[in-house]
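Before anything else, here's the structure in question.
As written, the chain order gives the labels A, B, C and D, with residue 1 at the start of each chain.
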Amino acid sequence: MSAQHVEHVEMTGHIVDSLLLPKVLDAILSRGGRYHIETLRLGQRQDDPSFVRLEVRADAAEQLETILADIHPHGAVPAQSGDCGTVPADIAGAYPDGFYCSTNFRTQVKLAGDWVDVEGQEMDCGIVVDPTGTAARCVPMTAVKTGDHVLVGRQGTRVFPPEAEMRRHELFEFMASPVSSERPKAVSVREIAAAIRKTRAAGDKVLAVLGPAVVHTGGGELVAKMVRDGFINVLFAGNALATHDMEQAFYGTSLGVSLDQGLPTVEGHEHHLRTINRIRRIGGIRKSVETGRLTSGIMYECVLRDVPFVLAGSIRDDGPLPEVVTDMLAAQDAMRRLVPGVGFCLMVATTLHSIAVGNLLPAWVKVACVDISPATVTKLMDRGTTQTVGIVSDAEPFLRSLAAELERGGT
Amino acid sequence: MSAQHVEHVEMTGHIVDSLLLPKVLDAILSRGGRYHIETLRLGQRQDDPSFVRLEVRADAAEQLETILADIHPHGAVPAQSGDCGTVPADIAGAYPDGFYCSTNFRTQVKLAGDWVDVEGQEMDCGIVVDPTGTAARCVPMTAVKTGDHVLVGRQGTRVFPPEAEMRRHELFEFMASPVSSERPKAVSVREIAAAIRKTRAAGDKVLAVLGPAVVHTGGGELVAKMVRDGFINVLFAGNALATHDMEQAFYGTSLGVSLDQGLPTVEGHEHHLRTINRIRRIGGIRKSVETGRLTSGIMYECVLRDVPFVLAGSIRDDGPLPEVVTDMLAAQDAMRRLVPGVGFCLMVATTLHSIAVGNLLPAWVKVACVDISPATVTKLMDRGTTQTVGIVSDAEPFLRSLAAELERGGT
Amino acid sequence: MSAQHVEHVEMTGHIVDSLLLPKVLDAILSRGGRYHIETLRLGQRQDDPSFVRLEVRADAAEQLETILADIHPHGAVPAQSGDCGTVPADIAGAYPDGFYCSTNFRTQVKLAGDWVDVEGQEMDCGIVVDPTGTAARCVPMTAVKTGDHVLVGRQGTRVFPPEAEMRRHELFEFMASPVSSERPKAVSVREIAAAIRKTRAAGDKVLAVLGPAVVHTGGGELVAKMVRDGFINVLFAGNALATHDMEQAFYGTSLGVSLDQGLPTVEGHEHHLRTINRIRRIGGIRKSVETGRLTSGIMYECVLRDVPFVLAGSIRDDGPLPEVVTDMLAAQDAMRRLVPGVGFCLMVATTLHSIAVGNLLPAWVKVACVDISPATVTKLMDRGTTQTVGIVSDAEPFLRSLAAELERGGT
Amino acid sequence: MSAQHVEHVEMTGHIVDSLLLPKVLDAILSRGGRYHIETLRLGQRQDDPSFVRLEVRADAAEQLETILADIHPHGAVPAQSGDCGTVPADIAGAYPDGFYCSTNFRTQVKLAGDWVDVEGQEMDCGIVVDPTGTAARCVPMTAVKTGDHVLVGRQGTRVFPPEAEMRRHELFEFMASPVSSERPKAVSVREIAAAIRKTRAAGDKVLAVLGPAVVHTGGGELVAKMVRDGFINVLFAGNALATHDMEQAFYGTSLGVSLDQGLPTVEGHEHHLRTINRIRRIGGIRKSVETGRLTSGIMYECVLRDVPFVLAGSIRDDGPLPEVVTDMLAAQDAMRRLVPGVGFCLMVATTLHSIAVGNLLPAWVKVACVDISPATVTKLMDRGTTQTVGIVSDAEPFLRSLAAELERGGT
């Protein structure tokens, strides 16, 4: 009759104004549970953390379990928690049943009574505890080896969801609605420029994720300059972006359309394939630069400035270029290796790569996603990349404004 | 030094789980103020209202005023409030300076010590108090008469913002993200059908707001059937929808494209103008039905079933049809007169009319907006029509599913 | 058995490379007719006109009539044609049955044996012949007076469809696919700047048709400068554009969003209504400038430079501003009066106004339509505005590039 | 002074009404050349082919070469042509310089005086002539082996571009503008159903290319039924489609959203990963069906009916499923092997796969591409997939109409 199944949970942080506590209370009630607020200490100033301790009750054990599962991602953790539990992987390339599924939020696990940060935080992975039992890290499904100690269940785990209000006051001052094109664009440009400078000043890297429309719309030189000036420090793209960029260097066209005239050129549609063939004959992008055959553009600047890049393949690729990683797991690993140290990520005009990279980034790396289609930004947000500010705008004119803003501030 | 300017405010309702209290606390801190929670009674069950009494402090009178302005729309009202204040309108067709600007939320004003509901609730209006001082109503700017007692300032006013969680549990069970097309559509269809039935069962009217693509995509007959079966009780549209509908009745085409073949017909582009000319020669839509010249379609069914309609003009209109209201203020008034009694509003494939009608509806009339462009739905939400559920889908196939779902349930 | 019904038709101009002749031949065959090419003189150089004389045969009189109706808009005219036929209008505000429906192509009618240009060319109108029988002009349906000599049938009429290749080589060098965002934007900007200069150099006027997103995205000052520098000579817009523009002048916000900070301001959503109320209290935009109360922005510059503007009402309007024409027929007439002398039209971020203005312009006025939504451009093209080049881009960044390009060339 | 450089070219087919001849004449003039029409025999009926022989003149050899290159893809071939020329590949995985770049049009090469059809026609490939000199086929760049006889130059090649009017009268009766959503949808549905039946009746295969939104919108069961009823004979998709489909089978959700309720479920976001893990533990999709663990859905029906499928990987994949081909070149080859015998291709809700498959199909395989975003369809057309009819609509409601239409006709 009365709710017999009880658990005590605690939350700390900006839990009221970041809407975490209300969400937890709502979740408890929605699942038919009850709560009693045992302690509630509200921060008096904006920077003060709050603390709450709740008694959660449910009529059945299963119901209580559902409630606890539902509130866990909001940072609500049982007040007394034992160490996390693991099970050895019985086969390679798959987790044991009941494995803990990671988010991109900062996560800790309890090992020998201590809360320890999980390394390589990334969503949709399992967590493997070190044989020594002193460390834990996110491991993709295909990388699981037989015998790995894989985390199961929620016990001994806690997550630190980003606090909504922090987002607003930290890297970005504005909270653009992610899907409207009707926002003051100069403000977005200024904020992104500031984010880039702040990232650089902190010694962190700026990651650019670029789609082919960057070159089609005529923004190639603007990006090349950003690489040259040190505003882009890592590049993720595909075969198309790199090929269009080098087609522009070789022929002045992008998919055969003259970037000066806006008109298709004779046999221009062949330039794409001839560019790839030429680079393959030379032996790659790097070698094309070293031998003086490629002398301008985004890829040229990347090679010249030692800006690491990953060109990930896709099934729509022609060729591809020798540097393109055609195996998807290898491409993900190549990107994964370059994520540490990234402090800010600028995505322009690419749906596939944006989602892929959004999946790899921990929640504390801020992301600005610029695309002319509101649907791309929506997709990114829907998949849980909550740290993203979406800007619906056109690649070249937007990059032109951004380049001018960065110029104004000096390199 | 310490904050000397103080006001006590109160809030009642689902203020925690509907996120109203957190928003208020955040707003106070964001504007540099402080708060002390004097009383907080949390509802223990989902249906129990909560109550909070806050002391709000600020360093300057102006700052306190800003804070109070900011939290007022979230339902935070000074604990002790005098009667509302009015100023007589000095000229017709404009409010006095400092006028109170209405929202679409339920609003009360204090008159002779009593809280009284404002009539004709509508956003972006002024509020005029009856000469007797016992009633108040929303009045559009152009309708103000010299001497009208127009409400000024926030004193003696309070609003009841819709509580987020209510929305979810009432008319719609689902909370579709308003901008993604990637949602299960059969669920949306079922929920809208249920909302229509529920509205009819409650004795309220279903308002349809329709754009020309309803006919272009071939959905005219589906809508005509919904009118015939009593599922649409009021119609707002424009010259184009009505003309395309009657062009289909006369020629089987919509803007000259055969709705059977999907192909342009010879001289078909003239059908549009010839249809309007024909109706003008007959003397109107009603007369065309009465004289047996118009025998099918949406407009035919509306005339036959005495379903009132407003055809509002626009600058892109050809003709227009005799029934079209070419003056925009007259058109708004015509629609305004039909709003009372409306319990549910279905908007399909029209940006302009959707926003116009969204502006006229009080916040407690639920709205479903179906459009193939995510931008239309976003625009509607951005303008404050918070009671809207947006569905990104294609007019005809969506209406076909809806008609089948309504059919299944019987009329 | 053999086709007994025969007509001889002729065509002149760039009928081969502009694809007019092929379309005519295809149309004849598609309708089951036959043709015999009696004379075909092909131009040897690109500038040389071609001439063709065809014998068209069909099995039935009605079929032949259908064919002739179908090929007439492509410029194919019976070799021997009598004078055009007219019928007196029996009622006001409607054409007689069988009226000739105008296109936006240059049109001639045969009066007393001579081909005479139709005045006020505009699509979807009737044509009224002067009582003297020496002139003819397009007349909207509602402007027909009883007794007007209204053109009926196709006899004695001929149209001059724009020749596709001319479009490319005249005002615009590029032929952008109208719906792709993936084009080099700097080229589009350069071409539009060139078209504006060319128009000004020819003594013609540049018409700007602007939607509210121009101000929302932060492009207001850029447009104001274009007005100031004489690059915009006529302005068509609505209540929203003008209000947002003046809200920016008064409050620094657009619909309450700070254009400097990108953030909503306290009570900012009221700025919109307060701006309209203020202008109404002053007595209009013009008077606001004259009395020194409005001192910046697009409307300010228009008043200062005597740039005529039409603000057309719509049903979504708040207020509206005193200068807004709330009756749609009056608004169309006001725009119609300003069309003569317009040589180029730039439409930015407005679907409704773009279509409305597209309906009013003759086919020889070139149009560039810039919108972030491909659907807007598509809609414009689908309604027959063939002289339009569509550019899918974002208002503010695009205008910023355009302003810079115009700057470069000097005023 | 007079043009000394001369070539005689010929064209055959529906060259006038398909607009091929006009395009050729325009191209000659645009490049500054001249033409003399030596012979022009126009077909008198729609089915009769026409023939033209042109003398093409230019002032310089290089200019003449440019002209010939420009008109070649329109089917204009030198009247006297020698055998095609080849060069042995000097390295593997790249073509020799000057290689002939294939289109997706039917192509012939002259070998020992005879015109021979090229096999495996596919765009953006080179052509390799058999060592025996009697056959030729398209070969992707990476498949070139040292010593392969690779076609260089245009000599001895001719292409047969699809004739515009054929498209209209063959598989599809309608010529939907590819980017407008405002078309009668029931017609499109009927035509696609007819195309599917016609394809099946001819003994050809129907290829479906599906994106994840098919399942998200609730269309999974509709597609499963189409597979079951033999209306889909080959399936190309990705890891996401297959995972969502099986997530629905296991959990009733798609990315954690209940397809019955439209609401997110507790821990639902983990269903995606748990589904992949489960299938990996079982050993694959096929084995899951065979062992009775997977009992419904698209993938289940494909396994049951021996409908071959290719699941191509992408960098945004979680897992992936064991059957996913993670190497892009291997995935392209797997798809390439299934293309022969395909007579019709239905693409729904996938940009990446649509472009990829569009690249692989010869121009004579008709394609219908259904997507809610006009940009996807535009992209497909811009890349040269001219045989495509684009339909802007919503996946589930469209598939529902299609399934009902196919049902009506019986299996």
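In the analysis below, a contact is a pair of C-beta atoms (placed from the backbone, for glycine too) under 8 Å apart; a residue touches a chain by one contact, two chains touch by 3 or more.
If you want to know which protein each chain is, UniProt gives these names: A, B, C, D = ornithine cyclodeaminase.
Predicted, not measured: the structure shown is a model, and the values here were computed from it.
**Student:** Just to be sure I understand the contacts, which chains border both subunit D (ornithine cyclodeaminase) and subunit A (ornithine cyclodeaminase)?
**Tutor:** Output, common partners of subunit A (ornithine cyclodeaminase) and subunit D (ornithine cyclodeaminase): B, C.
**Student:** Tell me which of C-D and B-C has more C-beta pairs in contact.
**Tutor:** B-C
**Student:** Between subunit A (ornithine cyclodeaminase) and subunit C (ornithine cyclodeaminase), tell me the centre distance in angstrom, where each centre is the average of that chain's C-alpha atoms.
**Tutor:** One centre to the other, that is 45 Å.
**Student:** How many angstrom lie between the CA centroids of subunit C (ornithine cyclodeaminase) and subunit D (ornithine cyclodeaminase), rounded to a whole number?
**Tutor:** 38
**Student:** As a quick test, compute the distance in whole Å between the mean CA positions of subunit B (ornithine cyclodeaminase) and subunit C (ornithine cyclodeaminase).
**Tutor:** So the centre of subunit B (ornithine cyclodeaminase) lies 33 Å away from the centre of subunit C (ornithine cyclodeaminase).
**Student:** For subunit B (ornithine cyclodeaminase), write out the residues touching at least two other chains, lowest number first.
**Tutor:** Residues 181-182, 375.
**Student:** If we count contacts the way the header does, which residues on subunit A (ornithine cyclodeaminase) are in touch with subunit B (ornithine cyclodeaminase) in the complex?
**Tutor:** Interface residues on the subunit A (ornithine cyclodeaminase) side: 16-19, 21-22, 25-26, 29-30, 34-37, 40, 42, 44-46, 165, 177, 179-182, 374-375, 378-379, 382.
**Student:** Spell out the residues on subunit A (ornithine cyclodeaminase) that touch subunit C (ornithine cyclodeaminase) in their complex, using ranges where they run on.
**Tutor:** Those residues of subunit A (ornithine cyclodeaminase) that touch subunit C (ornithine cyclodeaminase) are 173-176, 181-188, 191, 212-213, 216-218, 254, 257-263, 372, 392-394, 396-398, 400-401.
**Student:** Please output the residues of subunit B (ornithine cyclodeaminase) touching subunit C (ornithine cyclodeaminase) within their complex, sorted ascending.
**Tutor:** 31, 66, 69-70, 91, 93-95, 97, 99, 101, 124, 141-142, 255, 266-267, 269-270, 272-274, 276-277, 280-281, 312-320, 326-329, 331-332, 335, 351-353, 355-356, 359, 373, 375, 383-384
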